[in-house]
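Sharing a structure here in structure tokens format.
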Amino acid sequence: MSRDVLVIGGGIAGIQASLDLAEQGFTVYLVERLPSIGGKMAQLDKTFPTNDCSICIMGPKLFEVERHPNTQLLTYTDVEAVKGGAGNFTVTVRKKARYVDEAKCTACGLCAEKCPVSVPDVFNMNMDTRSAIYKYFPQGIPSVYTIDDSVCRIFKGKKCNICAKICEAKAVNYEQKDAVFDLNVGAIIVATGFDVFDPSDIKPYGYGTIPDVITAMEFERLLNASGPTGGHLERLSSLNTKAEIEQLEKQIKHAKAGLKRAEKNGQNSDKVDEVKKRLAEMNESLDGLKAKEASLAELRDIAFVQCVGSRDLRYNAHCCSYGCMHSVKEAVVATEHESELKSTIFFTDMRAYGKEFHEYCLRGGSEYGIHFVRGRVAEIAQGDGGRPVVWCEDMDTRKVEQHPFDLVVLATACVPSQGSASLATMLGFNLDESGFVKTDPNKPVDTSVQGIFVCGCAQGPMDIPSSVSLASAAASMAVQTVKALG
Amino acid sequence: METELRIGVFVCHCGINIAGVLDIEDLCEYAGTLPNVVTVQPNLFTCAETGTSGIKNAVKEHDLNRVVVAACTPRTHEPIFRASCQEAGINPYFFEMVNIREHCSWVHRHDREAAQGKARDLIRMAVARAMFLEPIETFKSKVEPRALVIGAGIAGMSSALALAGEGFDVTLLEKKAEMGGLLRDLHKVAPSEVGAGELVEQKVAAIKQEGRIQCFTSATLEEVSGYVGNYSATFSSNGNTHTHKVGAIIVATGGAPLKPMGLYNYDGKRVITQSELETKLKSGKLDAKSIVMIQCVGARIPERNYCSRICCMVAIKNSLHIKEIAKDAKVFVLYRDIQAYGVENEALFLKAKEAGVRFIRYNLESPPVVGDGNVEIYHPAMGKEVPLPAELVVLSTPIVAHDDAESVSRILKVPVNEYRFFLEAHAKLSPLDFATNGIYLCGNAHYPATVREAISQALGAASRASIILSHDAIERVGTVARVDQELCSSCFACVKVCPYQVPHMDEGGKAMIEPMQCQGCGICVAECPAEAIQFGYVSDAQIMAACEALCA
Amino acid sequence: MSIQDLIERTKVSFCQDCGVCTGSCPVSRVLPGFSPQQMVGKFVLSADLGLEDEALSDRDMWSCLTCALCLQRCPSKVEYLEFVRAVREEAFRTGNKATFAHDGVIETIVNMQRGGLHQNKTAWAREAGQIAESGEYYLFVGCLPYFDVLFRDMGISSLGSASHMLKMLNKLGIEPVVSDEERCCGHDLLWSGNVDVFKELAAFNIEMIKRCGSKKVIFGCPEGYVAFKAYYPLYFGELDFEVVHFYDLVGEQIKDGALKLSRVEEQTVTYHDPCRLGRMAGIYEAPRELIAGMPGMTLVEMERNRENAVCCGVSCWANCSSYSKQIQMDRLKEAEATGADALITACPKCKIHFTCALSSSDMKMEVKDLTEVMAASALEH
Amino acid sequence: MNNFEPLIAVFSCHYCSYAAADLAGSSRIQYPPNIRVIKIPCTGRVSVNHILKALECGADGVYVAGCLEGTCHFISGNFKAKQRVQYAKNLLSEINMEPERVQMYFMSAAEGAKFANVAKEMTETIRELGPSPLGQNKSE
Amino acid sequence: MIVAERKPMEEILSMIEDANRILVLGCRGCTTVCCAGGPKEVQELATLIRMNRKQKGTTVETLEASNELQCEPQSVGPLLEKLADQFDVILSMACGAGVQTIVKSFPDVRVLPALNTNFIGMAEEHGVWTEVCVACGDCLLGRTAGICPMTRCAKQLLNGPCGGSMKGKCEISKDVDCAWQLIIDRLTRLGRLEVLEEIYPVKDWSAGWHRGPQKIVREDLTS
């Protein structure tokens, strides 16, 4: 029997549930599969309808849950098996090896600076790179680094121990092993959140083929001051071009150095000529790239495409609940970045049903000049210079129109998180027709298994306040359970 | 009796994070020259075990009464060092931290000389400030393990049951003669298809069975005084006046659908509201064969510019119920935007389409016109006005706040918005809390909510309240403002500027700040023209000392 | 079938009023006022208000190309294609009929096939290669002999494609049945609402193939293929022979090494997906693999390809008008923009329509039939 | 004169701008070493007298850095600060000092780069204005 | 309450030009409440004076103090009494009454006003004060529904609005309410409009500041 509670998932819902329980004096294990807690909310730039900076309001909660004497944070940890029932669950978890001693790491970041590996940064939606030893995001909690053993040179059998050498705190430990252990808890709260739908399945939208068609989450990172552009609004195509230029400039520099060496060493003229020729070629393509970059005018027109993969019987029948407001917010924030910017939102129904939401949309139109077009986008073609062209019927004028944009942002569906099906099998609860955790509408946080509760987007698509409310509700049910049975 | 100030300064290398840029030896030497500094110690990592025990030993050895650590950011490390001070036997607030990493070595890597100067300045400023630090104590206030829940609709009842389930006593107030609220008049709840009355009866039975809940019907809240953990609520019920001591309060006063007087020929007979339709459905008295429902009646219009969230789903639910009774009945729903958010709602929307309910969109510029036996609507595909047969017209009206929301707001000193829905502490992260500690909200009182949402919020509010109720006493660190009443000029400036409405005039006509309620922002401190408000955590003397130490 | 049943069956009332269909529709883009969504919306409301005649007399239903692009994209999975087909069937009964191109000659030819018209459909085949009277394989030639006559003045030899198909089959050791008795597959009638005659022709064809004892019926034409594959079973239940597309069959043989594609003249080509072969039969890759498999041939894609390909502008010889021409020209320009020398298609009708459009422009684009292009590679050695 | 190094006092709130400064640090965004941060719980804590004191004691410039408008952790503290900064500017004008020496900035905790830019901007502004007549640099 | 505001710095600075030791003396009464001369403003003024001198390269010695109620001679405490003589100037941040009380207490010290005393007013909202009383010495509020026409009517009319009253506003500015409109509105609401029909004797204009300095003596209180 146990009065402790396990919370699975360290997003805003899991954090809120943990805090509510901890503050009531219950011991909480908060399990997060990623290296840091924070979840999707940490990736957002601002939140509607108050335009609060997301990480600013969330940051204190991250600290709070880490520091609370009643919480035990188990990050980078997977749930492997569950036995028992309400009041007495035995949960086997695997705390994956970080290869960094959490107690010693001071998060100084020197290791990441010196690490020779560079891989796409998932937190920044792969629009930036990180090293093999990394912090999931700057404000991440716990504030420690992690070695990604799938890319680290050491784990590929190559020579390298730069991070271990440079770490003054002696925190790096390549020998660290996964720790597998059992937790005995009286109740479980599932707060595993959601995934963002991959729009490359929707061929007419050209995601993945047209560079300036991006997802709302990617745009969120582009807006963010700690995102890949430092919050400067840029389109992906120009970012890509810039990266190419940088790469090429590096190569040219390298080649020039090589040439100098060759000339100095008096190598034979054939080789020198060859290098010279290659250098000339590279310079030419550099000019080309620079011209291309210069031709990309300032980002001025952004389209927001609603219901991408949602309310669509071919993909997900359900509505993502937050998409309309999310796009209005992104348009508002984008205009705050760049006042000349024009945003157009293509929507099916404007679902602004929450407190202050409708008013927010009206303000978006009147104060930020957002152009609302009723009509779901039919296809996104590629126009002059690779610019995305949006085709849509304006349902108010009943005219088919096409408009070129500098950037198209897809408001992608909210889908069950990847592991939710297997977690459901492991824990034995049922899922609904969309794959979210099934609940009785009159018992909104109870799963089909006694003692297991759900909150946040694991239960279904919802906005942040609903997630937070539901998290507290789940905490209440968990308390009632452990008080009765634990 | 002045005790001699004895300051210890600890300078952290943070590996090479600080030491790689700054000359730690020089900083230590410099700190040693500052007034009242009796010892200076460098550490490789001050936050490591060796560092913190170094502080503790130094406190003992040098009889220190102030500690200054020059290291990284206080936002993450201050708690660690404050704990060390406490363990060493000095007040944890006799501690000052200098950020020479994030604010210095990391950001001025290319100008070491200037960085060194800046680090010296920062340490000097901190030492100057340290001289004026004040001890801060935590204080305790007893908690009354009982909650007051105002309103016994589905939200209030659910909250009360949850609180009782968590082991707390509850005083539940209902202004009507019976519990149940809005659900009493409704037919069935979607999508569970449970009878609304049945759901109410279940809850009422559970409440009656639950010994911890005391329910008062025909009740009116009259006065509330006190603060978190320790409120005193006076209310009347059936002619008697009661006063209960409660630790937390949940506002679940609900809302009501707007009566659409003067809109769309509303007459309560052929043109009725959704709730009137539900009464008909409940009694099985619906015989109309053609029904037109009009959405957003009195909502999302300039004079009431909010979306009432639930009316679309109510219309969809009821149209399905009509189709169940009479499959061949024609049901048209005229809408502006269908709010079928999420999984369940969208599925129900589809089900209605499957059942043959027709949805036609209209614009605010060309609203439907209710005529005799029909409703004329501009049909976009037809490109013209079309009369739809309508034996019955059902208007979907928004949930509006109850008239008594204002009096509850006044009694509890919690705010409402322009539509008189109660205003939560933070739209995103504190949706169930008021800015005032110890008072929570849920259900339609906050904003229109479905039954699922109202229950969720009710359970959530119960959890929030339980955080207070589960403690015998609440501890509060004294980083709060206090009025020196001797100096108070009774000008009301603090009363007017406090964002949390904490300061008030006491019986002697002097300002008074209840420490349990103060949030510690310091706004009133800076505003007080009489300089009568003290804030030991960040006092004027400390700030002035830091300013004076700006230049060597 | 009642109109309300039709609405229910085709899920048209699931429409979300979102406009994806109209925004996608190739006709809507060039013919303002035409909209699949509007067509559906009007129909449903008329039906609801008891104005069924009005619903069935709407001419818009004949402007639809039945290209299935809206069906493919509709988020509510409205069965647009089935809706149009069924409505046309009802409309046909009430006398609302399509306007046919080429003075309706093709419709006449099809109708003529109902009776005991004697056709000499095999003469070309005997010339081109080996055929059989009966046997496992049946080669369904369809309308190619008629097109050959009708469009010869445009320089299109529809039978060329048929003979090459036969030659390649022969090369693979297949001597298929080609029959004079064969009737039109009925595709165009089905889509013009004349379901009774369609059923008549289909019943005859099924019977005839049964008589030949064939178990595999090979099609080069996507329309015949789809008619047999999807619609014959709808009316006659499961067929006792297999419906095979020529490209699938040849593709497999090439993979097995039974047929070799030799080097052809270096050229860059683009491929146009016929609606029936692509969106309706789901065959996107087989033709592309064949093209890519011919050494010397470089395949470049148009922006709108596979699921997103646009129609050639006319279907079942109905409503050919200025908007058809514009759709065709837009598509040809798209092909030109790829830098390709030739546009390859896999449907005889697409070829005819594009060739027709090309004839009135000065664009330097060739329109070719995949079977013929392939023949040059497969038969030249 | 233009290469003089201004001394600038910054009143920085715990919740946003101090966090932004930390983020600038952990992101290693370099900025001029001329600022000295005084941490306060909320910019609403800053009174006009604090600002004047800093100037009197030799700061060449002073700025208050609070949360973005509308997002103050204490609801209205940054708004009060903005009013007080404006009042302090008026006072400076009254004694013939440049009001530009006092500024108010708003930033979120996520805006490390903005913190650095503001530091840069303010340093440049003050460098342009020259040393404060009350400052230690005045005689150089 | 008496409402005052600080004089422009230029004026203050020129008054104290030759002073090197200045006592800035605030009042914890009215001028604290109207945020013009309480401890906070005393500190502010003293700092500004020091800053100004420092700018000029000279120095000045300032002492900041505030007493309970400057208009009460007794509130000058012994400490202040001891200190006052050491200063060249006492800069008073009280109302005129306060300044003159200090003058009386320290006959040998230069006492200067740092404030302009503006009016008797009420705090409308935080930071906004409006004049509501002119101290006329013959209060009419009892028959004008509690709204003072002496203060709020530009013409100090006592018998109803003039022809310049337009849509409830005074002709001097559309932002100024017509006092008589307010009076009549409020009387109507109170149902006491008939009081206007009563005939009153002529107002005693001699009671106000028009007549010269006044004095009130309560003999039961004098010693």
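First chain written, first letter: the chains are A, B, C, D and E, and each begins at residue 1.
To be clear about the criterion, a contact is a pair of C-beta atoms (placed from the backbone, for glycine too) under 8 Å apart; a residue touches a chain by one contact, two chains touch by 3 or more.
All values reported here derive from a predicted model rather than from experimental measurement.
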Topological distance between chain B and chain D, in contact steps: 1
Minimum number of chain-to-chain contact steps, chain C to chain D: 2
Centrality ranking, top chain (CA atoms only): A
Chain separated most widely from chain B, comparing mean CA positions: C
Maximum centroid distance from chain E, chain identifier (CA atoms): C
Pair joined by the larger number of C-beta contacts - B-E, A-D: A-D
Separation of mean Cα positions, chain C and chain A [Å, integer]: 45
Where chain D and chain E are represented by their mean Cα positions, the distance between them in whole Å: 36
Centre distance in Å when chain B and chain C are each reduced to the mean of their C-alpha atoms: 63
Centre-to-centre distance between chain E and chain A (centres being mean Cα positions), rounded to whole Å: 62
Chain B, residues touching no fewer than two other chains: 75, 350, 361, 380, 497
Contacts with two or more other chains, residues of chain C listed in rising order: 14, 17, 35, 37-38
Junction residues of chain E - those touching two or more other chains: 40, 43
Chains touching one another, given as label pairs in label order: A-B, A-C, A-D, B-C, B-D, B-E, D-E
Residue ranges of chain B touching chain D (in the complex, touch as defined): 73-75, 99, 101-104, 106-111, 114-115, 117-118, 121-122, 125, 435, 479, 497, 499-500, 519-523, 525-527, 535, 537-538, 540, 543-544, 546-551
Touching residues on chain C, where the partner in the complex is chain B: 4, 8, 13-14, 17, 35, 37-42, 44-45, 48-49
Complex contact set, residues of chain A against chain B: 12, 16, 20, 23-25, 47, 49-50, 52, 57-58, 61, 63, 67, 104, 106, 108, 110, 143, 167-169, 311, 317-319, 321, 349-359, 362, 395-396, 398, 432-434, 436, 440-445, 460-462, 464-466, 468-477, 479-480, 483-484
Complex contacts: residues of chain B adjacent to chain E: 487, 489-493, 496-497, 528-531
Chain B contact footprint on chain E (complex, rising order): 28-29, 32-33, 35, 38-41, 43, 123, 125-126
